[in-house]
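I've put the structures underneath this note.
The following pair of complexes shares a single chain, chain A, combined with chain B in the former and chain C in the latter.
This part shows the complex of A and B:
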């Protein structure tokens, strides 16, 4: 009564040339990614050199080496060691932190709008930091700690309102909280005695100007812990990118995703504590890096793109207008707004990351 | 009907007094199920009968509200996730292909559970991927971007990923959704071959009752979260069971190709007078 169903012969276990095909196919994207990282490092080195050596006070390379070596050159030493170099170093650190932190959010939540600067996490860190400084009189690492607490509080609040899923609920909840945080910052400035425009701008839009080496060292230390931890945890992105169910099928639970998000919050928070919420860097870096990497997710490239953006933005802000020293956040904000409009005009944002199977 | 490997007396995957649900409703109630090892088990039922929920519970995506799912005799929720993922693979209904990802990269991600904390890609991983691509006939697509493939190709690639995971058990949630009938048959043939070649135990949720009857060794009919009938397709696919499970007036005849039960729905709308001796027209609608 029963028949055996026709089973067309299927190929025997892989022939050697099948292995070659797999190896070649796997190598191509890796190679492209490596080339991209190398080019970005070159671009970053170029931007760094320009920021430190050029501008309204030009320093030659030999002079620069002597200054960094400890030699005193009247005038030049002060400008390089107290202005140009710390600005450039801070720009790189902040750019990497925002770039990686933003890309973590956008990738994990599968939505380019769900970046920490749009959903209020940067401003949460900023509001907490500015409150700690202006109302409690804190300095040094407690300010960073306050920023971390502020960022975490906003992140948890957004998640509580939006539920587990990304999407527009999360973005809308975040935009609401961002506005609330902005008003906290503005309220704090009505409470301080000395009204300082530079200070307001730093905590509202971000600036890498006039930061002490000590604060920069603190940020470098934090990143020295956070970036390797991120590299470690982010390996699970290869599974979590496939959706929650498929990731669980590969043995990666939601815990890994939450841990990665936590690292993203911390990266953004420590960067904000040092330079303020430099507008739109976290938002811009991920999609630009992704576009350069043929649409594929890349956290390291996002970090490098972020560093280049902040360096270039700071350079432009300092020298583009003759009598005006604009904070970097104003420049990146001006860049980010059209990008946001372009992203919205381009069509449904959900389609940005991956399509459904079938 | 399928020449499966000999049945093991012991089910490696079983549900015992299992109740599953979301927030405040139970979708699956007090269910006992032993998945026959080395066989193809198909779960069928009407929409919202709990079949996908049951599969999610078996794959440990849902924590039981009571009862348990046992994998090799141990409660699956107490086992380390990676250990489970080396034994039990899952193809969910809507996996997301990351933008720009190539076929070889995607299939390689199936190797994730085999990599330890410092795990690096090894040539054993290359071999597993090559084998999975060969078995699913997708080797020629290795360097293509998944987004750009057709629906049928993409589904093969996802199955290749599940195969690269190298598990003895494979759970699939409606692997034929969105595929036309030719690709549905192709997909199920592929799974039947894997079962025959590798002895992989397969559990899947399918919509199409007739294809289920054709490919299943073990059929589980679910109605409002409970098992109504369970056994070989001949035992399960009867006019009474189909009427209970789907609420559909029907006739069951012999499938002229596979000699498994074939359900012919009786609708209210019958425009043509059936000739007394005619066989079922090939255009008879699918049971959905």
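This part shows the complex of A and C:
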């Protein structure tokens, strides 16, 4: 919606609705954002329903309501309550956490490549969690705590290496640390007595398969605290996006940016503790949500996009091949890498809306 | 780029004011030979069970079998390390990029993926079948990474290459995992190989790979002068009468042979090719006619020492070479990023 300036020579009296046009033009992004969120919620609901009801074992909606209501239907109850529903719920929670966490990183660091899964933060959380499980025998919330510690350690290390340079040095340092973290995870696997394929898949590529309700509840609890906190801190995201100096000029200090980054690290860490480092979800969600929102950053849409990606990836991995149950991380990794290569091939690498990020 | 050809600044900053003092050639050779012999001896003697020196040549000694088992992995470690060190030096020279390494630029991941495709789709089971697959995969991955990184106005800069390589590695790792899930038997054989190890591979594996390594080494050493000319820049090299495209292809073929064979023999080992040339360049200078042979020796020493240390660092289990290489390599990688950060 543009306002065309008429030639001043023709003394057309200002149209009575000029004010209205401007007001509508200024409101347009907000309305588009609302429409986008609404359609993403619809898409998420559709994907969720498909994941729970369809597949190799179809459940009707009335049956599903009765099962969730506590009624026992032989066979169906078990499959829904122990396999399909936990997978779908975990996929949504993990997707939201990765999507929001990734978008926070990409926005505050002003570089689409600086997402937690590329700069090694997801793998750091994973390495700490798998060490705690396999070597120390921990379960429950201590594992989440270990994941948080691992993620924070990698984040601080990357930051120490990169110094004030954002951009490429940060991404490269992260890639190096990600390789190191992968070695740690592989080392842990050579130490476990029994080679548990599911365990390996969860902690190297990410999987929502076979997670207990208890772990899901823990993740939901963590998100219930972290997401409102993020929404509160992210009020100043529009200023943060302009860079440290401009943000400081607008009254948004370094401390608030750091707090936002800390929340991003925590979101990613608790998600990894539940489902492992699901490849490329944090990297993909932000740019997709931004493209859908006509180039404006949006954290809620990034979270919803992440949830849709994880749900769809899990559904595809489970049913795309007849006798093969692929974990969601393999699907997102296999499809996300070409996107990353395309992003690299397409053009000015460190440009974030035309600005240099380094 | 800056690390490869000393600029006037580098020379001025060097200790000794202008003239950088490096050990004379005979001294360097002597140091390398001693290091190589020492690493080999340690590799034979040190492990979960230390053996006395006498058991090495006394065939009736009760511990002689242990030495024989260690001899296999020592020889394999020497060969793989030499190949990786040389491949890293070639890549850094060819791309004029201080961050080049067969692991970082995705060449190892390409070889791995091609081998897994061969195992699951065509039932490849012998080293003779793995090697051509590894060469094809390594060559394709190198071409894709270099092709994508070269797009755009500023060409294949070090970090574009590194990030493209990491992206390709991540994607190929996912595809590899997907294929392995479909085939549990392959997964079992793949479990330890994937980490990168020289243990328990047997001599026949090495014998199958040795001819390709020799060809790669010959090509590389013959191409040392080509790299020195290419280091001047394409325009100058052409002005000196070189056919740069052909020269690049010769070097690239050597890289594919060396990195592909090393991956087929011992699994994907990263960072050896990154660390070794930088250390060697500091000792013998940027002349490729010296850099390449010494990188070979230093790579062999590094892998054998890493394997030996990995046996005793966290008893009772062993830490694989691939993991030890990352332990050594990541700090060097980060130091390089910090030092060359301004130029990136």
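Note that the second predicted complex is superposed on the first by the 327 of 358 C-alpha atoms of A that agree within 3 Å, B and C clash if a C-alpha of one lies under 4 Å from a C-alpha of the other, contacts with A are read in each partner's own complex, and residues count from 1 in each chain.
Rule of thumb we're sticking to: contacts are C-beta pairs under 8 Å (C-beta built on N, C-alpha and C of every residue); 3 or more make two chains touch, one makes a residue touch a chain.
This is a predicted model, so every value here is computed, not measured.
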item	value
Which of chain B and chain C A:32 touches, first, second, both or neither	neither
Which of chain B and chain C A:295 touches, first, second, both or neither	first
Which of chain B and chain C A:110 touches, first, second, both or neither	first
Touched partner set for A:159, first chain B, second chain C, both or neither	neither
Partner chain(s) touched by A:250 [first = chain B, second = chain C, both, neither]	first
Contacts of A:242 with chain B and chain C, given as first, second, both or neither	first
Partner chain(s) touched by A:333 [first = chain B, second = chain C, both, neither]	second
Which of chain B and chain C A:23 touches, first, second, both or neither	first
Set of chain A residues, in rising order, touched by both chain B and chain C	none
Of all residues in chain B, those that touch chain A in their complex	1-3, 56, 59-61, 80-86, 89-106, 108-110, 112-113, 123, 126-127, 129-131, 133-135, 137, 139, 142-143, 145, 147, 151, 154-155, 158, 162, 165, 171, 177-179, 189, 192-193, 196-197, 214-215, 257-260
Chain A residues within the chain C interface of the complex	113, 118, 161, 163, 165, 168-169, 171-173, 175-180, 182-184, 186-187, 189-191, 195, 197, 201, 204-205, 279-280, 321, 324-327, 329-334, 336-338, 340-341, 344-345, 347-349
Complex interface listing, chain A residues touching chain B	1-8, 10-11, 13-15, 18-19, 21-26, 28-29, 110, 238-239, 241-243, 245-246, 248-253, 290, 293-297, 352-358
Of all residues in chain C, those that touch chain A in their complex	99, 103-104, 144, 148-149, 151-153, 159-160, 162-164, 166-168, 170-175, 177-178, 181-182, 184, 187-188, 191-192, 194-195, 270-271, 317-320, 322-323, 326-327, 330, 333-334, 337-338, 341, 344
